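Heads up, the next two complexes both have subunit A, just with different partners, subunit B and then subunit C.
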Partner chain A sequence: MSEKLLEIDNLRVIYKTDEGVVQALNGLSFHMDKGETLGLVGETGAGKTTTALSILKLLPDKIGLIEDGSIKFNDFDIVTGSEQNMRKLRGDKISMIFQDPMTSLNPIIKIGDQIAEVLELHRADMTKSEIEARVDEILTTVGLPTSRKDEYPHQFSGGMRQRVVIAMALTCEPQLLLADEPTTALDVTIQAQVLELMKKLKENLNTSMLLITHDLGVVADICDRVAIMYAGTVVEMGTIEDIFEASNHHPYTIGLFGSIPDLENDAERLNPIKGLMPDPMNLPTGCYFHDRCQECMEICTIQEPDNHIVDEKTNHMIKCHLFDRTKHSDDLEGKMHEPAFN
Partner chain B sequence: MSQPLIEIRDLKKYFDTSQGPLHAVDNINLSINKGQTLGVVGESGCGKSTLGRAILRLVEPTSGEILYKGENIVDYDVNKMRNTRRDLQMIFQDPYSSLNPRMTVGETIAEPLKVNGFKGSREELSQKIEETMETVGLSNRLINSYPHELDGGRRQRIGLARAIILEPEFIVCDEPVSALDVSIQAQILNLLMDLQDQKDFSYLFITHDLSVVKHISDEIVVMYIGQCIERANAKQLFANPLHPYSIALLHAILAPNLRNRGKPKKVLRGEVTSPINPIPGCRFAPRCAHASERCLNRDIELKEVEPGHWVACTLFE
Partner chain C sequence: MGKYIGKRILMMIPIILGISFIIFGILELTPGDPARNILGDSATNESVEALREEMGLNDPFLVKYFNYVKNALRGDFGTSYKSGLPVLEELKGRLPHSLKLALGSILIVTFLSIPVGIISAVKQYSFLDTVSLIGAFLLTSMPSFWFGIMMILFFALQLKILPATGVTTWKHFVLPSIAMAGLGIAVVVRMTRSSMLEVIRQDYIRTARAKGASESGVIIKHGLKNALLPIITVLGVEFGSMLGGGMIIESVFAIPGIGSMTVDAIRTSNTPLVIASITFSAIAISIINLIVDILYVYIDPRLKSNIKRAGS
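On to the complex of A and B.
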C-alpha cells in the first residue's frame, strides 16, 4: 500500500472582488501518494492555479479565502496551520515551479544567489562553502554550467531560466513539487528538454509532483494519474490508462480530446465543446457542465452529480449522472459511451 | 498553370542592431494559390511573424519581391498600397492587445469600412456589420460591448470579423489560436476553415503548434533562423520529414495518447543560435547530429528532392 502524501477534501475557495464573489474551488477532493505524478488538467479558470496556491497557502491576502474543506500534507493540516509553520514548509518540503520563467526570477539578483537563498532560509546549519557546493551541484544537475552562476536572469534564454527555476525548487529536495504549466511558455524542442530533465530528477529524488497543465500531450508523457478539472471541481479522475484508454468518460473529457487536432487521423473538422466556461460568479445549478453537455438530462440541471467509481480496481471516478448505477442500472449499458478515442 | 495569388521571391528583412544586422527573414521564396493555406512553423525568434508582416509591407522588406496577382507590391506608392491592403488582411496573435479598448465591437468592425471610404448609408453600414458578426458567430447583442467585457475566443472573432469585412483575398493569420484554450481554439479553427470554404480565402497561417498547422494547411514551410529549411505538402511533411530539424520538431510533439509513453526520446540538444550576423553555413549545424564540414562556410540551397518537397540540407545534395 502506497503512502498518502497530500490529501485534499471538499475544498472550497472563494475570491472576494469588487464585482462579487468568485467561486474558484467548489468541493475539490483528491489525494496524492508518495513518488507519484498527478496531472491536473483543465482550461483557463478551472481553478488549477488556485489549487496550487491553496496548498502553499499563498492565496491573495484578504481576497482569496478557504471557506471549507481540508488540506493535509503528511499529518500537517495546512488550512489551520500557522504562517510560521507554513514558512518552514514552503521551499523546503513543498516547492513550486511557476508558469512564466521570465517573471518568476528576481532580475537584480544573480541566479546563484537566488538558489542559495532557499538554502540560507531552510538549512541554517549549512556553512557558506557547503551552500556554495550545493548550488554548484544543483546547477550541474539541471544542466547549467556552474560558471554562469554569477550572471543575472536576463542573460539567460527562456529554457535556461526555467532550468534555474527548477533548480531553485529542487535544492532542498522537496517531498512535493507543484509545477504550474512549467513548459507552456517554452518552444517544443526546449519543452522536450525540460520534461526529460524533470522526469529524471523526479525519479532520482522520489519527489511527488502535481503537474498543472492544459496540454494532454504533456500529461500522456509524464503523469501516473490524472484529474480533469472543470469549474473548480474534479469531474474525472483515474490512472493515466483510465483517462487515455478506458471507454467510460465524463462528457467534458470527451470534448477536451475532441478539440485537439489528431496528427494521425485526418479529420476534416474538430469536435469542440460548444459554448464557454461558466462564469465563476454565477455558476449554473446542478452539474456545472450541463449547459454545454451533449448528454444533458433533466436531473443534470437540478442536482449536482455524485462521484461515481466506474472501475473499482483503479478507482476511476467520474462525476456525472450518466454513471449513476442506482438510478438507471437497467439501461446503464446503453448509456455507456462509445470508446471516444482510438 | 494558373498564377499564384501571392508569390514571394528572395524576400529579406534585416533589422539593424548595435551588434550588426539581425537576419529576421533571409531569402524566403514561397507562393500561395487562391483558396489555399500555407502554414509557416518554427520556434520563437525564427522570423515567422516578421515574414507575415513583411508580406503585407507592415514592415518594409530589405529586398525581394512580393507579387500579388502578378504585380510587385513592393514598388507600390502609399496610395496604391492602401488600396491593395483591402485585399490583404491580418489577424493578430493576442486578442487582448490587438483591439482598441475604447471602441465598441460595432465600431471596431466598422473601422475598416470607414477607413476605406464606405459609401453606403448608415443602415447599409449597420446591416453589413451585423452580417459580418453573424458570419463569425458573434451574437448581435454584443454590438455595443467593449472588448474587456468579452473572453478571448469572442475577441478573436472580432479580430476575424474586422479582417473579413472588406472581403479580402488573402489573410495573414499570426498565431490566431495560441492564446486560446483548446476547446475555444477548436471553435476558431473550424470557423477559419468554414470561411475558407465559403469565401475562397487564402491564408498564410503562422504558428508554432505543429498539430494545428497540419490540420489547417495545404502546404507547410518550416523556418529556422530566418531561412526556409523545408517546404512540402502538409501530408508529405508529416509522413516523410527530411531535414533533421523538421524531424526533431515532429519528434518533440507530445501526442495525447499513451503509445510513446516510456519510450526513449530523441531530444534535440542546445538552443537556437543568434540571428545577428550569422556566419555562412547551415544555421542548424550546431544542434544537428548529422553536421559535418560540408555544412559549414557556405549557404545551403533548397533542393527539390521529390515533386513539391524542398529541403535545404547537405544530406540531400
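On to the complex of A and C.
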C-alpha cells in the first residue's frame, strides 16, 4: 500500500444558523494516498463542499464548527492546528479550485498578480523576476498566453478563468488539490478541456486530488477511487471498478446510477430516487437513508449501520445493514446482485 | 481617458447654466426690492426708481438673465449691493475659510469612519460593532448646530483648550470641523460597514484565504479596494455639501466663509452674491463628482473598458 496523505476520521461538522443547528457532516471518514484521485460524489447538500472547507479549515467563521473527529494531513492535525500553521498549508501544500470561476477571482487585480500572490505568500526566498518567470511558466502550462497576465478577470471567458484558478492552485505544486466541482459552471466542450488539463497536470506533479462532483461521467473519467456521500457520511467507497462494475452496492448508489437517463432504451420518464434528502436539522434515526430505501429493514430505522468491507482486496466499503455478515451471512450473495442495475 | 474627462467637463456647462437660471428665476419671484434695500427706507421713490433703471432691474427677466450670463463669461459676476465690492472679490476672501473647514471635516470623516466601518464589518455583532452603531445613531440624530454649541460649551468654556470662534489659527478649525463631520462620520461608517460586509462574503475573499493570505491581507488587499466604490461616492457627496453648505456651522462658530455669506446675502436680497455663491456650490459639486468618477476608473478596471467602449 502506498503512503497515506490525508486521513479523515469520524468528522462531525455543524452549522449554527438562525433556524437551528445544521448537521452537515455526520461521522465522515475516508483517507487518501499520495498521488491518488478520489471522487467525492453526492447530491447537493450531502456535505461535499463542507468536507473540502473543513480540510482547509475555512468553514464560515462562527457558523461552521468542527464538533468532533480528526483530519490528519501528513501527520499534521488540522482540527487542532493553529491558524498560523494552517495559513502555511493553504495554497502551498493544500490548494483548492472553487466551483464558480466567474466569482472566485478578484475582479480588480490583474490575473498575473493574483497568481503571483500565492508565490509571494509561500516562497519568500523567490525574487521578483523568479516569481514573474514562474507565473509565465504556469500560465503556459494551463494554456494561457503569457501576454495576457496583465489583464483583469472580466477580460477572460469562463473556461479561461477556470484555467487561471487552476494555475493559481498549482503554482506551489501542492500535495493535495481540492477540486470543488471544477467543471460544473463551464459548458460541455470546455468541461472536457479543463478535465483533460487537470488530469495531465496532476500526473506531471504527482498531486493527490479530491474531486468533488455530482457528475458520474467525470468520476469514471479521472478518478482512482470513489466515495459516495449521503447526508454527511460516506455510504459507499471503493475503487472505480468497485463502484461501476462490482455487484454489491449500497441501495443509495443503486438509486443514483438508476437515475441516470439511458441513451439506448426508450423511457417515458426519468427514474429518480423517491423522496428527498433528509432535513439536516432533523436527521432520521438509524440509517439516514432508511425512509427512501427500497430494502429497508426494521433494524435500519433503529441502529446506524457500521462500515462493512465487502471486498478485502480493494477495500470496497458499504455502510449498510444488508452487508452485515454477522447477522445474515448466508443470503448476502443472493440478496444484492439482482436489483442492482435494471 | 482624456477624451472622457473632456466630455465630462463640457457636460458641466449646461448643468451650471441650468442651475444659475433656476436660481435667477427663484430670486426674481421673491419679494423685496434690491434698490430699496440699498438706498434705505428714507430714500424717495424717484431716486429708487432711478437706481432700478440704472441697475437694469426694470428689464424683462430673460434680458436680465442674458446680460448676467454675458457679464459672467467675462468674469464679472456683478457687485455686492452691501459692500460695493465685486462678487468675485467677496468669494475669494471667504473661500479659504470654507475650504479649510471642509477639508478638515472630510479628513476626519475619511480617517475615522473607514477604519471603524471595516472593524464593524469584520467583527460583525461584536461589542465594537454595537458601539459604532450607537455612535452613528447619535451622530445622525444630533442637529449639527446643537452638537457645535455643546462642543463650544465643553471644550471652549469649560476646559478652555480650544477657541470657540474665529479663524486665525488651525485650532480655530478643530471644533467646527468636528461638528461638520458628525453626520458624515455616521453615514460613511455605515456605508463602509455594509459595503465591506457584502464584499467579505464574496467567493474571491474565500479564494484569497485559501491561498494562505493573512486575515489583514485578505481584508485590506482583497476586501477594501472592492468595497471602496460606494464609500468614495458617499465621501464625494459629503465633501460637496460641506463645501457649499457650511451655513449652519459657519454661523455657529462665526466663520466668515461662503456659507455664512450666503445666509447674509439671502437675508438682504443681495442677488448677485446669492447667485454667485450657489453657482459656486454647483460647480464645486460637479467637479467633485467628476473626480469621484475618475477615481472609480482607477479602482475598478471593469469601468475603464466601459469608458473605452463608450468613448470610441
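Everything that follows uses one rule, which is that the second predicted complex is superposed on the first by the 333 of 342 C-alpha atoms of A that agree within 3 Å, B and C clash if a C-alpha of one lies under 4 Å from a C-alpha of the other, contacts with A are read in each partner's own complex, and residues count from 1 in each chain.
Here is the rule we go by: a contact is a pair of C-beta atoms (placed from the backbone, for glycine too) under 8 Å apart; a residue touches a chain by one contact, two chains touch by 3 or more.
Nothing here was measured: the structure is a model prediction, and the numbers come from that model.
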item	value
Superposed partners subunit B and subunit C on subunit A - clash or fit	fit
Contacts of A:241 with subunit B and subunit C, given as first, second, both or neither	first
From subunit A, separation angle of subunit B and subunit C (C-alpha centres, steps of 10 degrees)	70
Partner chain(s) touched by A:307 [first = subunit B, second = subunit C, both, neither]	neither
First (subunit B), second (subunit C), both or neither touched by A:29	neither
Partner chain in contact with A:216 - subunit B first, subunit C second, else both or neither	first
Which superposed partner A:85 touches (first subunit B, second subunit C, both, neither)	neither
Lowest C-alpha to C-alpha distance for subunit C against subunit B (Å)	8
Where subunit A meets both subunit C and subunit B, residue numbers	none
Residues of subunit A touching subunit B in the complex	43-44, 157-160, 187-193, 195-196, 214-221, 240-241, 244-245, 255-264, 266-273, 276-277, 341
Subunit A to subunit C touching residues, read off their complex	56, 58, 87-92, 95-96, 98, 100, 103-109, 117-118, 121-122, 152, 154-155, 165, 168
Complex contact set, residues of subunit C against subunit A	202-204, 206-214, 222, 225-226, 299-302, 305
Of all residues in subunit B, those that touch subunit A in their complex	43-44, 151-153, 181-187, 189-190, 193, 208, 210-212, 214-215, 235, 238, 248-249, 251-258, 260-261, 265, 267-269, 271-272
